[in-house]
Amino acid sequence: MLDYVISKYNFWIYIILMMIGLYAMIGKKNLVKKLIGMNIFQSAIILFYVSIGVKAGATVPILSGHGHGHEAIEVANYINPLPHVLMLTAIVVSIATTGIALASLILIYRKYNTLEEDEILKIRKETGA
Amino acid sequence: MTGVNDMMTKQSDDVIVKTLSRLLIPFMQIYALYVIAHGHYSPGGGFQGGVILGASIILLVITYGLDNALRKMSEKLNTILCSTGVFIYAGIGVLCLILGGNFLDYAELDQILHVGIAQARSLGILGVEVGVGVTVMAAMISIFLDIATGGLPSKEKNIQGKRA
Amino acid sequence: MKVIALIAVIMTGALLIYGVEDMPKWSDPNSPASSHVSPQYIQEATEKTATPNIVTAVLADYRSYDTMGETVVVFTAAIGCILMLRKKRNGEGG
Amino acid sequence: MDVLYSSRPLWAVLVSMIAAFLILATGEKNRNIRESWTIMAALAKFLIVFSMVPVILQGKVIEYTIVTFYPGLLLQFRIDAFGMLFGVIASSLWIATSFYSIGYVRGLNEHAQTRYFFAFAMCLSSTIGIAFSANLLTFLVFYEILTIATYPLVIHKESKEGIMGGRKYLAYTLTAGCVLLFAIGMIYYMTGTLDFKAGGFIAGSGSSTVLIMLFAMLIFGFGVKAGIMPMHEWLPTAMVAPTPVSALLHAVAVVKAGVFGCLRVILYVFGPGLLHDLGIWLIMAYIASFTIVVAGFLALGQDHLKRRLAFSTINNLAMIVVGAALLTKSSMTGGIIHMANHAFMKITLFFCAGAIHVKMHKDYVSQLDGLGRQMPLTMGAFAIGAIGLSGIPPMSGFISKWFLCLGALEANQIIFLFVFMTSAMLDVAFFFPIIYNSFFKKPLDDVAPHFDEAPMFMVIPLVITALLSIVFGIVPDAFFRFFSLTSLAVQNIMGVG
Amino acid sequence: MIWQLDLILCLFIIICAIAAINVKDLLGAVIILGAYSFFMCLLWTEMGAVDVAFTEASVGAGVGTVLFIAAVSKTKRRSKD
Amino acid sequence: MEVTILVQATDESFEILEKARERSKDVLDIAARLTSEAQSVQRKRVEAIFKGARQTKTEITRFTATFIILFGCWLLLSGHYDLFHISIGILCCGLVSHATHDLLFANPRAGDMRVIVKRFITYIPWLLYQIVLSNMHVARLALGPKNLIDPKIIEFKTKLESDISLVTLANSITLTPGTITLDIRDGVYYVHAVSKKTAEDLLTGEMEDRIAHIFMEADHVYVQDTLDMAPVFVALK
Amino acid sequence: MADQFAALIIVVPLIASLFVPVIGWWKKRLCYPWVVAVLVIPLISSLSVLNTVMTTGKFSYRLGGWAPPWGIEYMLDHLSAFVLVIVSSISLIVAIYSKKSIEDNLPEKTVPFYTLFLLLVTGLMGIVITGDVFNLFVFLEISALSCYALIAIGEEGAPMATFNYIIIGTIGACFYLLGIGYLYIATGSLNMADLANILPDLYHSKVILVAFAFFTVGLAIKAGLFPLHTWLPDAYCTAPSAVSALIAPLMTKVAAYVMIRLLFTVFQPNFSVNMVPVMPILGWLSVMAIFWGGIKALAQTDLKRMLVYVVVAEVGYIVIGVSVANRMGLTGAILHIMNDAVMMACLFLVVGAILYKTGTREIQQLRHLNKKMPFTMAAFTITALSMVGIPPACGFFSKWYLILGTIEAGQWVWAAALLCSSLINAVLFFRVIECAYLKPMEPAYALNGGETKHEEIQRDEAPLTMLVPIVITAAGVILLGIFSGKIISSVIQFAVPASF
């Protein structure tokens, strides 16, 4: 059992992080907190992907004798590069989403002068919008 | 607008911060360019370099104030750069298309570069990394300016416009 | 709301943990993820693109379409912020 | 059976649709051009339809496929004798109605005339589509178009009652449409085909429970338009529509389409044999006879002339359904030919009601005293129609009632004989007072003592339809060959079943 | 890979994550988020994903934090939860 | 009666005279001002021409200096010394120095760059030595009895002028353990010192003197400096 | 060269969007003609692709010239080509329409608006055309981000709606990303065709099961399926007219397309239908969506808000077609993707035109609209009839196939839901039609004791740039209905996965 837990502990970590992030996204009332949760959520997924790529006994996927490539390349020596590639994209997507979300946050603050979800809902109800 | 906080966009009056960032920014930029140019051999590439480039300008905004920074990098230029970057990327792809290959097939670039297919691909990668870098830099600056100023990057002109 | 959030989160987590059970052991060099597509990248990417950093080679050549997409994402975000926030310079400040 | 492939059915449908759009394009400003479209389309349509009658009478079938979706699922026209009969009724009466409508709307100076004529043309187009459709899907398509095309006519007055009537109409018919859609989907799933076949095609494709349910759904779907008793409620409320519309609704297009659908279901989808086996024919007949009697009694209580006519319509339509449901050769003949006969007689009656409305602005039975002196032609035609509906010999109504009664005897169901008799008595009871009052009672103050008819546009059509119903009483096969078509249809059905 | 280091980093990350969503001062929360990103990037370096770590260091811990601070300074610093 | 009228008349006449004098004074003033303004404009124009020339010159020097520094940096980082990478490097350094040459050398002083660099390099070992010393002191503080720790904020006015020297001093103070620069406001340093000794060390002003020496500031202009500066002045003239 | 049309579909709007800021900098007025002119090219390209697919069968386009599991490819079969044509034509129509609405409401934001408009179109088409699950995510994000920004510039309450959309949309996208991760860890591949080959051996793995669950939930969020639709009404309702006319027809439909793609192409039907209990769940959820959407729509007095809830219900239609999982149902679902796109486009365009001309969206205030805006109202009426399911209009045919599908699957309740929904639609739309066409609905009628003053109502039709798209879509509603047989027999029956 312990062996089982240890052999996959990084997956557990990522699941815990993801749950924290998701909880903040759904459960927190403050909008900035939601965004913080979103960032945590996204980087948890990235952690998951990075863990997929890990190979025991392998090194970073940069060949040392660059450019020649005549010597045989041992696949087992290099970490799987594909998840890294995917995650570069995912990180950029996450920052872009954060940017847009923060911009809308400022619009919201301008309109309601608060960032608490319940207060905004109250204001909207009062104004009948 | 209520509660305008200019913390991020007015000139800092701390001499230490100002002087250090003044000295740091050129090195940040050269490092960013190095990261873009050496993405083939070491970690890094268009994104990281672009973000660092953007960060250097953001630092300029934070320490020297918006107006000084905008003198170096106006909004319009920034927007144009933003699309130029993507255009470099997509343009290389279309160039491959025009040369008879599929979209983004850098091997076709060999027809005009004459350096061998592998090298052509390498150069293609460099080209797109530059495109990525330019876009990311401009985009980061643009997003930061919009958020930090609440959409009025050149504030003083705006106030004058209001008075007039 | 918090309770609902907690329930939803726990359910999601439970589902994910359920899936973990059948995953290959962590850092297993023979897992499908490491043995299906990626070996060929490691073997031929440098040779074919003259780029020792395999990540860069895959990012900007094999999957360059993805990368173009992500550049466009950044571009979209920048234009999106401009659309949402930026006001005309000498306008009435509306 | 010989099949003739021709695009004439399509043109018969399209001609009035094209006319409808021409009417819309012409608009309110050029009234004469607009109405000439209507008349031209009516004539053209009649010619196209009538040109196909000889072919049908030779025992051939005309077919035209519009599109094929999947095998067995297609939009197709196929004209057999039964469809032809309905087509001829509709297209011939449209001519009369067109002229009459022009007189009516001009006489009353109605608003939104363009919309009126547009909807009218669309109605006719879809009615012909219904008549010629080869399968249930095509039938449903045109049936739904008819539903919607009739809606602007029902709400034409745009008064509160008109809108309420329109809502009720839509509620009933759209619900029916949904039920039909489901039932037809079921049938396609079960049999893989939807083509009408004389004598039915559905037998043996499902358990009897399922088949009975399907039958109930289909009869409900079509019965709503046909005004079978629990679903008749919309029909009297829809009487707020202008009279030509009521004429169209109750004599030609809508209700006849419902009855036509019921008959198609009974005779061409299920078929006499299957209905016998399932034992639901009798239930069907009982329900319809209930409608006959109750509608007759309700009609007695109506003072509003058009409402009285509406209940009379319900009564007569149920009679047609009973005729089909009895499943004997004679009853079928009676039912089918009654479709034609009733159409001519009832349209005459509505035309008369409309003429009275236009001329005298009178709507109630009790206001008609002595009107026969001022409007002898109108009231004469009314008398002819009423006598015909009561089944008195020289008129065409007699022939259909005769066959119906024969059928009841053939089927060994004496009770229906009594139903028909009662119905005839009731007809006499609610029509004869009108005739009597208008001709023999002392005229009311506002009735002019001299001859002063409604516009000729209105009178001539109603006289012609009245005369035609006499002619059909004497020579059932005259002009339109209704009798031949009927017997051909019955022959097809019985020949198989 | 040293699993002890791994574990410590993971622990830090989780602590940072929980702190980031629980601190009432938004500026503080944002800074903690930056620290979270930084630890995350250490963890990834340790797993061999240098490119990803580099990106996260510049994007997540760098520009991301700056954007958050800019937004918070434009709006409200206190949060109710 | 007449007397009073006479007195009044006299008063009035004096007033009129007074006014006339004031007005003439004003006119004279204005004339003088106009002349001086015209002169100053003339002077400014001449100055501007000189300044422009000087500016272009300093800009070129700044650009070159920045470029050289950045390119050195690039070569250090790069590790690929083929033609392709070097040319990319030149391109990049050119771009960056074009964009930022006014940042790296924002307030150039009359001084020889080489001297400053030379002195700065010699300053570093001294600073390191100081750091080691105070490290040991702080270690003793940390390990020894607690009562030696006596944190307080000291403030002192500095004679340094330029930004760069102010920052160098502040960073040197912060780098030596035990002291942290909190703020510099109007030439006054606010420093947090952990113990009495560190504070006293700082207040001797040795570090300040050395930094002033590096950047050739205040009254620490040695003979050597003037000699260094002579060719510069010659060049300017 | 014919193959290269596939590349043009994405590349042209993308590069064109880059030039919009430049053009806008030079002359603002030129943005609009530029966008319209540019959007013609993807339409032509996608038609050409459809033509190629119809004549020579499906083909793939390798980006960068790399072989599929290593590089990214476009997967062009009947389904994707068909949806591409829909997306490109609707976006062209909406682009033509957008002129007045943007010039009047957001004159300062023309340039970024059109940039994002093109990017949104690019994103949607990228989603449809790609054959790589991760690439799909990237384009999903492009479309989502541009959509967020476009919605946020809407009316009162738009920022909050946008924020909710961002949060929920990001959860959806992240779930999708998690699904990809789980698939990747089990298979090592990202290519759809490759995955379809590998997956059958792994169907009993829990990883695949979880991946499937996350895909489904993520896409259900994106498509706005019933319990996960909460972001949809506010976001679509507060967006500017031109934006909601683009996203309401396309966003949810494209998500539904992805659902079909994943459920039946990446995973085999035999897994999705037989091995996981997802189909009944989806089906029942869509039944609830239909009823909930319908009932909420009935409660609205605001025309646009009513339509937004109808969108929720329409998503239910398509998902029912997917979840009956038979040939007829899928035919109906795919046909409904097209029909609903056209109908929704028409309805939202009409609402936009009404708002532009009269400044109101309240149903009760639409009086005399048949006189003021006869063509607009005629278009509305035609589409409304189509929504109700009156035959020659296209709505009937998709409903017919959906019902056939439910009957074949033996799901009577689902069939009943579809039927009820057309009745609800009838109530909804005839309410509007009565208000717009009939006199007694005006309050003056009651006051004057049933007689209305005869007042001359001037015709005040929407400008031509608005009217033409409206008329085109309305004509499309009829024509697509009439030619639906042709469309089904030549395209859709091949688009339905072959294993049915």
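Read from first to last, the chains carry the letters A, B, C, D, E, F and G; within each, the first residue is number 1.
Simple rule for what comes next: contacts are C-beta pairs under 8 Å (C-beta built on N, C-alpha and C of every residue); 3 or more make two chains touch, one makes a residue touch a chain.
Quantities reported herein were computed from a predicted structural model and do not represent experimental measurements.
Peer 1: Just to be sure I understand the contacts, which chains border both subunit G and subunit D?
Peer 2: none
Peer 1: Could you let me know which interface, B-F or C-G, is made of more C-beta pairs in contact?
Peer 2: C-G
Peer 1: Which chain lies the greatest distance away from subunit F when centres are computed from Cα atoms alone?
Peer 2: Result for max centroid distance from subunit F is chain D.
Peer 1: Where the CA atoms of subunit A average out and where those of subunit C average out, how many Å apart are those spots?
Peer 2: 9
Peer 1: Any idea how many Å lie between the Cα centroids of subunit B and subunit E?
Peer 2: 24
Peer 1: Would you kindly tell me how far, in whole Å, the mean C-alpha position of subunit D lies from that of subunit B?
Peer 2: 77
Peer 1: Would you please write down the residue numbers of subunit G that are in contact with two or more other chains?
Peer 2: 14, 18, 21, 63-64, 134, 138, 141, 145, 148-149, 152, 178, 184-185, 190
Peer 1: Going by the touch rule set out above, which residues of subunit E reach two or more other chains?
Peer 2: As it turns out, subunit E has residues touching two or more other chains at 1, 50-51, 55, 59, 63, 67, 70-71, 74-76.
Peer 1: Residues touching two or more other chains, restricted to subunit D: which are they?
Peer 2: Residues of subunit D never touch two or more of the other chains.
Peer 1: Going by the contact rule at the top, pick out the subunit C residues touching subunit B in the complex.
Peer 2: Its residues touching subunit B are 47-53, 55-57, 59-61, 64-65, 67-68, 71-72, 74-75, 77-79, 81-82, 84-87, 89-93.
Peer 1: Residues of subunit B touching subunit E in their complex?
Peer 2: Residues in contact with subunit E: 3-5, 7-8, 43-45, 47-48, 51-52, 54-55, 58, 140, 143-144, 147-148, 150.
Peer 1: In the complex of these two chains, what residues of subunit A are touching subunit G?
Peer 2: 22, 25, 31, 34, 38, 41-42, 45, 48-49, 52, 82-83, 86, 89-90, 93, 96-97, 100-101, 103-105, 107-108, 111-112, 120, 124, 129
Peer 1: Show which residues of subunit B lie in contact with subunit C when the two form their complex.
Peer 2: Touching subunit C: residues 39-43, 45-46, 75, 79, 82-83, 85-86, 89-90, 93, 103-104, 106, 117-119, 121-122, 124-125, 128-129, 131-132, 135-136, 138-140, 142-143, 146-147, 150-154, 157-158, 160-162 of subunit B.
Peer 1: Touching residues of subunit A toward subunit E in the complex: what are they?
Peer 2: So the residues of subunit A touching subunit E come out as 9-10, 13, 16-17, 20-21, 23-24, 28-30, 32-33, 35-37, 39-40, 43, 46-47, 50-51, 53-54, 56, 58-62, 79, 83-84, 87-88, 91-92, 94-95, 98-99, 102, 105-106, 109, 114-116.
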